[in-house]
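The structure under discussion appears below in the form of structure tokens.
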Amino acid sequence: MDWEVKIETKLKDGILDPQGKAVKTGLKSLGYNNVESVHVGKYLELVLENIEQKNKAAKMVEEMCDKLLANPVIEDYSYHIKEMEG
Amino acid sequence: MDWEVKIETKLKDGILDPQGKAVKTGLKSLGYNNVESVHVGKYLELVLENIEQKNKAAKMVEEMCDKLLANPVIEDYSYHIKEMEG
Amino acid sequence: MKAGVVTFPGSNCDADVFHVLKNIFNIDTKMIWYKDKNIKGYDLIVLPGGFSYGDYLRSGAIARFAKVMDPIIDFAEKGGLVLGICNGFQILLESNLLPGAMKVNDNLKFVCKNTVLTVINNKTPFTNQCEKSAAIEMPVAHGEGNYYIDKEGLKELNENNQIILKYKNKKVNPNGSINNIAGICNKERNVFGLMPHPERCSEPLITPGKSDGYNIFSSIISFINKRGGKIAK
Amino acid sequence: MPNKPWLSEGLTEKEYEMIVDLLDRKPTTTELGIFGVMWSEHCSYKNSKLILKNLFTEGECVLQGPGENAGIIDIGDGQAISFKIESHNHPSAVEPFQGAATGVGGIIRDIFTMGARPIANLNSLRFGELNNDKVQYLFKGVVSGISSYGNSIGIPTVGGEVYFSSAYEGNPLVNVMSVGLLKKENIATATAKGEGNSVMVVGAATGRDGIKGASFASDELSEDSKEDRPAVQVGDPFMEKLLLEASLELINTNSLIGIQDMGAAGLTSSSAEMASRGNSGIEIDISKVPTREKNMTSYEIMLSESQERMLIIPKKGKEQVVKDIFNKWDLHAEVIGRVNDDGMLRIFNGEDKVAEISAKILADEAPEYRRETKLPEYIKNVNEINANDIKSEDYNNDLLDLLSSPTIASKKWVYEQYDYMVMTNTVVGPGSDAAVIRIKGKDKALALSTDSNGKYCYLNPRRGAAIAVAEAARNIVCSGGKPLAITDGLNFGNPMNPEIYWQFKNSVEGITKACKKLDTPVIGGNVSFYNESPKGAIYPTPIIGMVGLLDSLKDKTTMHFKNEGDLIYLIGKNVEELGGSEYLELKEGKVDGYVPQLDLNLEKRVQKTVREAIKENIINSAHDCSEGGVAVNLAESCFENNLGVNIKINKEISNKALLFGESQSRIIVSISKELASKLENIAVENCVPYGKIGVVEGTQFKFNNLIKLDVEEMKVKWETAIEKKL
């Protein structure tokens, strides 16, 4: 089975996020004063092929995140896995 | 009411995604041969304060994406809005 | 003594360090290909600056898994001298040879300019020819040089005198790094990573009057010569 | 096929008829697409060829003139320099970051295609006024695009220029020049020869990006340009770095007949041009081209402008050498066809033939048009500017205002985003007159500069273009070099407009005249027409990129004052001229007046004087006097070392012209007292007017009794002006 994986990474709470800060300033200067906080991270979309069980795919995703896709020193990540259609 | 907003941007179909390509190569070289495709985009988390209706918040998010958060020439975006707890 | 400079796919300051070691210091220097698994006989390994694999994900993240990194980690663990400049520093962080992580510069822009630094610790293989507390000048050129480490980590760095170089003050800090940190070493003092580029200021010709990078390399060479070309331990 | 199939390919009905005539049948869809791009302005130069023929292209140092991917000059010791400028204006208007980035990638490929290792880039930029969100967006995006691509690939961006004027609002100019070093014996050419030789495609896979980019560049920008989205390409500097290293490694093995980058019109133009140059034909099976996307049609594969690809003709039996080298760098290298000897470009999709056209017809037989010219109306209304026409209260304020106008202000905000030091050859980086790049292992260096003043060219294209050449040469001389040769980036509006074509023709004449006189041939360049937005055409902007040689590193000279007590001399003559000046525009909001005179004989002698003085090793700084006049140029020389000046000039002209007039052929130098008489002798020998105008002293800027300011205050204004506007 093939899996569609979506991963989000972002800086851990408490670590200053320069990009988030800049985006917030940008939004405020456009007049969006309701914006309270902004965090910017990365979004990854993967397709994993030929893995039989969802939990195997999940394990693989976690491994990939821990090793490469996120930096555990400063980043958290979350992910969703869905079976591919078609 | 306050809203938690999550936004993902990614390159439109057909536009070269060097980041995705590089990450895919990286994952393959780590032995993750089930990885079929990788796309990399941006992930944003915002908090919007004091907006009464969800659809008003949604409209604002779309506006912000069109104007600043995504680059409409090369990127698509999607978002989710949720009422803040607490 | 023999030095090796690693070329990762996309490295672009490899030739620059090579030039300094080989032509300015007349050291036997070899380029090391990122797929090499065998790196015997070196006294110094340099991970050069530039970009590896385009650095699209995070600087140094993919390079850290290049084949050559296993023997380099091994070399470092046995006490071999490893110098990581700019992207090389980022790779050392990603591979946990040094603690902490790199974020994008505070102003989100790539920055290329000369910076004024203070030598915090001159009792290392990399700074023994520098004066302590001296203000030196070296250029930086990076987009992700905003060094971060958590509180305990920072405390440990301080307690062990692992902070070697700092930007002189907050005003001249080009990237927003914590405590103005510009370069650190490991506890054992044989692995050194720094954001500034010593190889860009080792020749009076191109940086008249400001050749402070020269002292970094001459420190390394003098250390190795004293040690007799043998790896410690 | 639709009713008027030529329309969607940007061809005229006449051209379509020509095609039917040449083929003796109706073209297929793919063929028509191929004609569309090959006969587009961008590829065929159909509207400019006849004019460009008049350029001065010969000189002792020229090894390769116009006609290849880039020109080449000889710098002695068996070494040569390849350089060229290229525009990426329209892509940058639509997507500034990627547009500029891929512009950098494209010109770099032109250089290493010649067998040269790129060692320096320059960029020449024009934007609207900075007080506009859209302009700021374009400006920031373009700068970070150039920075991102150039820094990542590891080629220093060492110089350039940025002007801001409403004439470029909506149609910014992004011209990038790249300079490479090669051994004479390694010169590569873009030729396909030898029946049966393989044709290989190397580098990135082909996607649907940038289809018809060449025709896009040959059209005006309109409101629907946003719809040209598929034309946006994303650059991959990492891929290009690998391609660069692999290509140079390959060229060194002497295994090639020819190599050509795929720029505008991709596979189509590279194959047709290579075949045509070698009087051969090429057959390609597009089903063998590695693609990035599924189900691409032959039309798409032939017209894709995916970046970071090259076409290669290896010598017989050397295919494996190519594959081995490219595989080492993790790049594709596929045989996709062969060279034939009947001159036809034949495209197959597997067994099916989808196109068959003579390569010569495509590459060399596009129609050539001599367009109509007409003296523009506005030129008739250009008025002489009298100093009294400009109202001014206080010259202190005027000078501060000029220093903080974005066009004159420090470009630090821009160049600090560029890695200008990588490769460790940058002896003089951005911020002085010309950049100086040493050649490792030799006691010599290159001096590099780009120049063009669009206002001058608007008011008087012929003189303005000549001034651009003269100024570029002056910059080289001030840095210690001897001007050698130029590349020209010709940016204009719509050539169908006779007034625009008049600007174009006159500009080229001006360049030709100056190049002849200064003995700096044109070895290549680029034409970019249709630079218009709904508000009208840009200023005619012929950008001159010049390369000079320092035959010893000790000649290196910067514009900065160095020692308290040094005397300041002005070599050249102050004339009562305020036309086209920054001062006039600042104070009166006008672009008007007679452009400063240019006496090329005097120019030559002024340059010779300064060059001789530098060779004698007697002067401590030299700075070409340009936008903003003497006052601004003196100020710029004060900043680096925070030194003041005390200037006393006997005035024969108005205060305004003296301070801010932009008379040509002037260079300001500083020199120690003891050596001053030597300088005077050199000037006298060369029959050049000169004047001792003051002394380097203190930390204040004093000019007659007209200006008195703290250098520090001026410097802060000048350095922070651009940042403050953003």
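Read from first to last, the chains carry the letters A, B, C and D; within each, the first residue is number 1.
Going forward, a residue touches a chain if its C-beta (ideal position, glycine included) is under 8 Å from a C-beta of that chain, and two chains touch if they have at least 3 such contacts.
All of these numbers come straight from a predicted model, not from anything done at the bench.
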Set of chains adjacent to chain C and to chain D: B
Inter-chain centre distance, chain A versus chain B - centres from mean C-alpha coordinates, in Å: 9
Separation of chain B from chain D, taking each centre as the mean of its C-alpha atoms, in whole Å: 37
Computed distance of Cα centres, chain D from chain A, in Å: 41
Whole-Å gap separating chain A and chain C, where each centre is the average of the chain's CA atoms: 30
Residues of chain A engaged with two or more neighbouring chains: 42, 67-69
Residues of chain C whose C-beta touches two or more other chains: 53-54, 56-57, 61-62, 65
Shared interface positions of chain D, touching two or more other chains: 236, 238-239, 330
Contacting chain pairs - touch in the sense defined above: A-B, A-C, B-C, B-D, C-D
Chain D-touching residues of chain B, taken from the complex the two chains share: 11-12, 14-18, 21-22, 25, 71, 73-74
Contact set on chain C toward chain B in their complex: 53-54, 56-57, 61-62, 65
Residues on chain B engaged by chain C in the complex (per definition of touch): 18-19, 22-23, 25-26, 29-30, 40
Interfacial residue positions of chain A with respect to chain B in the complex: 2, 6, 8-10, 23, 26-27, 30, 32, 34-51, 60, 64, 67-69
Of chain C, residues touching chain A in the complex: 57-58, 61-62, 65, 93-94, 100-101, 103-108, 146, 148-149, 176
